[in-house]
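Each chain gets a letter, A, B and C, in the order it is written, and its residues are counted from 1.
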Amino acid sequence: MTVRGRARTIDMPTKRPAKRPTKLDLAKNWLPRYTGMAVDGFGDYILLTNWLGYVQRFAETFGCDVSGIGRPMQAATNSAGLSIINFGMGSPNAALIMDLLVARRPKGVLHLGKCGGLKKAAEIGRFILPIGAVRGEGTSNDYLPPEVPALPSFKLHKFVSQKLVEHDSTRDYRTGVVFTTNRRVWEHDADFLRRLKSLTVMAIDMETATLFVVGHVNQIARGALLLVSDYPVTPEGVKTEESDASVTRAWADMHLRIGIESMTGISEHGEEMRHFRY
Amino acid sequence: MTVRGRARTIDMPTKRPAKRPTKLDLAKNWLPRYTGMAVDGFGDYILLTNWLGYVQRFAETFGCDVSGIGRPMQAATNSAGLSIINFGMGSPNAALIMDLLVARRPKGVLHLGKCGGLKKAAEIGRFILPIGAVRGEGTSNDYLPPEVPALPSFKLHKFVSQKLVEHDSTRDYRTGVVFTTNRRVWEHDADFLRRLKSLTVMAIDMETATLFVVGHVNQIARGALLLVSDYPVTPEGVKTEESDASVTRAWADMHLRIGIESMTGISEHGEEMRHFRY
Amino acid sequence: MTVRGRARTIDMPTKRPAKRPTKLDLAKNWLPRYTGMAVDGFGDYILLTNWLGYVQRFAETFGCDVSGIGRPMQAATNSAGLSIINFGMGSPNAALIMDLLVARRPKGVLHLGKCGGLKKAAEIGRFILPIGAVRGEGTSNDYLPPEVPALPSFKLHKFVSQKLVEHDSTRDYRTGVVFTTNRRVWEHDADFLRRLKSLTVMAIDMETATLFVVGHVNQIARGALLLVSDYPVTPEGVKTEESDASVTRAWADMHLRIGIESMTGISEHGEEMRHFRY
């Protein structure tokens, strides 16, 4: 008996010829495979992160389980119906999770990411609520033509911004444009830094543009709240083991807390978000 | 005292103005940060994988520790000086690990990946030794112009192919071209499948082209041995939870074993691999 | 009376409308027209060259006839069933011979070409076994989209590399990427040289990429063994009448001999080479 013979189809009729699966078929089967959590285990609102640490802290806070250990993604859901997913790093994983979430059709998704600051206003420890992202990653080109801007859902960001204002201790948050790239090791590259400067971007990360574009294609309300964790414009600001741990100690709790409050309150107090088809 | 004040520079003189770090500076500082393993903890030869399970199986086999749990990448090194790293999924992570390995200057790197078969000859359970990869991922365009082909190191693949021939139980392995993409959910997309067919590629994955190009740029001898884990050309061959577990049970041990044998024997029996600067 | 005048029409019905001939129809009719040799005069394995001198030397060695004198291509076949063809120069001729060989369906084709070295490692007299070629010639775009890499058949090159290793006198051979172009006079052009450098290619020639791509399209196992005959990076290395004669005296015999040995032994000792249709 071959391996192939043992493989079952997904929501397929048993008689031949089998139909090609739809995107929804794939997402329903794959979201549990990647996260170890059933589709209905996820809540209406979802936080995204690149670190297992955020998922663990979330689970400790709410006394809930972490699923997906040993799988590519880990997830947890609290009793209020808010979920958090560590989807890994980089634009392909960002596109993947925004495709898989089609299975759950969440009402809102907020990415809690880190970014490198590129302007004086974006110093370490600042929060950035990106109003758009430069699609330097290529991945989103598989979803929409390159001239379509990568944008968050306005009403979702408006609500997050209210939460930021309520937290005096967050100092001023920044709004601006983020450059999303697939490169991680570029801090030595003067040409690349010159290009970043010419684009007038405030910060650099590896996921935001992709999350926005694929979220738009899949009609998922989405946003991003980024924490400036390094400042690669000056040699002293380049991320190191020590500086990264220091940023995490100082700011990660606040980052996660604002994310949780934003996506918990939005269902009661946020403006209704609509998604229009063409 | 600000977070920034506490961050130390990397291999920097203490007097100002600080020099911009080189790629080597960054790699030496970041390889341990991402993997939890010191630079000299890695051996001369390195296996790459996308699954923690392969690292754990390697560690059990050789009775060595797994470092990096809770970090983005996990690693282990056996007493013969062979290392294995789980670098995660997708082309940005593939580029990152090939940049970070500049810190160690390994003599050879072999990726043990999975791929989707696109031709009848690439059925589930086959091994593919890719002779090249179509750069459909964009990430490698940040490293070399798109007309440069993404290629493995010939002498490394020549040695791996000998090991494959020695293992009767592997059946015939295939050589062919892999399409590397950032999309994961495309099995429903008839246009994408038509494009794959027009390119005459044998299989599809998410890392091989990037590993080859960034390895070339960094003068690291590299190869890939891919296991066909799904056959998305037909609806029955689309990956599911069950089919994936079944492939893992049937073929993963053999996959890892051939990788280990290849990268252990090559230092004694392979042809010398050179990397020429201009 | 012209050669073409003697050629009969090909498998055409006499009543109109006549059927359009297939590629195979054309190849069967034209291969003899171009070479003066009947289709079944060619062996299972074929050497390609750009010089009549190689064909003549082959014929002297084996005591066989040279056909095609006065035609665009010349050919000879020895008693072991190995053939050699001088197909002329340039990518259009390379595409032509790989199309015409569809008539014979050879088991393997090895091109014995010359190239210009672009790196220190590729000095005059070195052999290069190209692992791929940059498709700078345009011709191959008529056959496959430009993102498909131009590659040799792995198992054929694996066998040739064994022959190179056995010949001590060949010194180390090189593996690397060749840039194939339609330009012949570019040695004066600094921009062109800069582009070559940015592509990190080891050598430059006029046929390899085309042979690889058209061979792939026609499902013909193919390879190339290139002899570095000039080193155009330095003014002293630019090819002249005298330097070319000197390279020929020193290296051409060895070049041809390794080609003959490789394509003679491969039928008994090489791994089986398969070509898969969809």
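Everything that follows uses one rule, which is that a contact is a pair of C-beta atoms (placed from the backbone, for glycine too) under 8 Å apart; a residue touches a chain by one contact, two chains touch by 3 or more.
Note that this is a predicted model, so its numbers are computed, not measured.
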item: Touch-based graph of the chains, sorted into line, ring, star, complete or other; value: line
item: Copy pair chain B, chain C: interface residue numbering same or different (half cut); value: same
item: Centroid-based (C-alpha) most distant chain relative to chain B; value: C
item: Inter-copy rotation, chain A to chain C, in degrees (Cα atoms; steps of 5); value: 105
item: Chain occupying the most central position, where position means C-alpha average; value: B
item: Whole-Å gap between the CA centroids of chain A and chain B; value: 25
item: Centre distance in Å when chain A and chain C are each reduced to the mean of their C-alpha atoms; value: 51
item: Centroid spacing, where centroids are CA-atom means, of chain B and chain C in whole angstrom; value: 33
item: Numbers and ranges of chain C residues touching at least 2 other chains; value: none
item: Interface residues, chain B side, partner chain A - complex; value: 2-4, 6-10, 12, 18-23, 25-27, 29-30, 32-33, 50, 52-53, 70, 72, 88-93, 95-96, 99-100, 123-125, 137-139, 141-142, 181-190, 206, 231, 234-244, 246-247, 250-251
item: Chain C residues touching chain B - in the complex, by the definition given at the top; value: 119-121, 129, 131-136, 144-155, 157-158, 161, 165, 172, 175-177, 197-202, 216-217, 271, 274, 276, 278
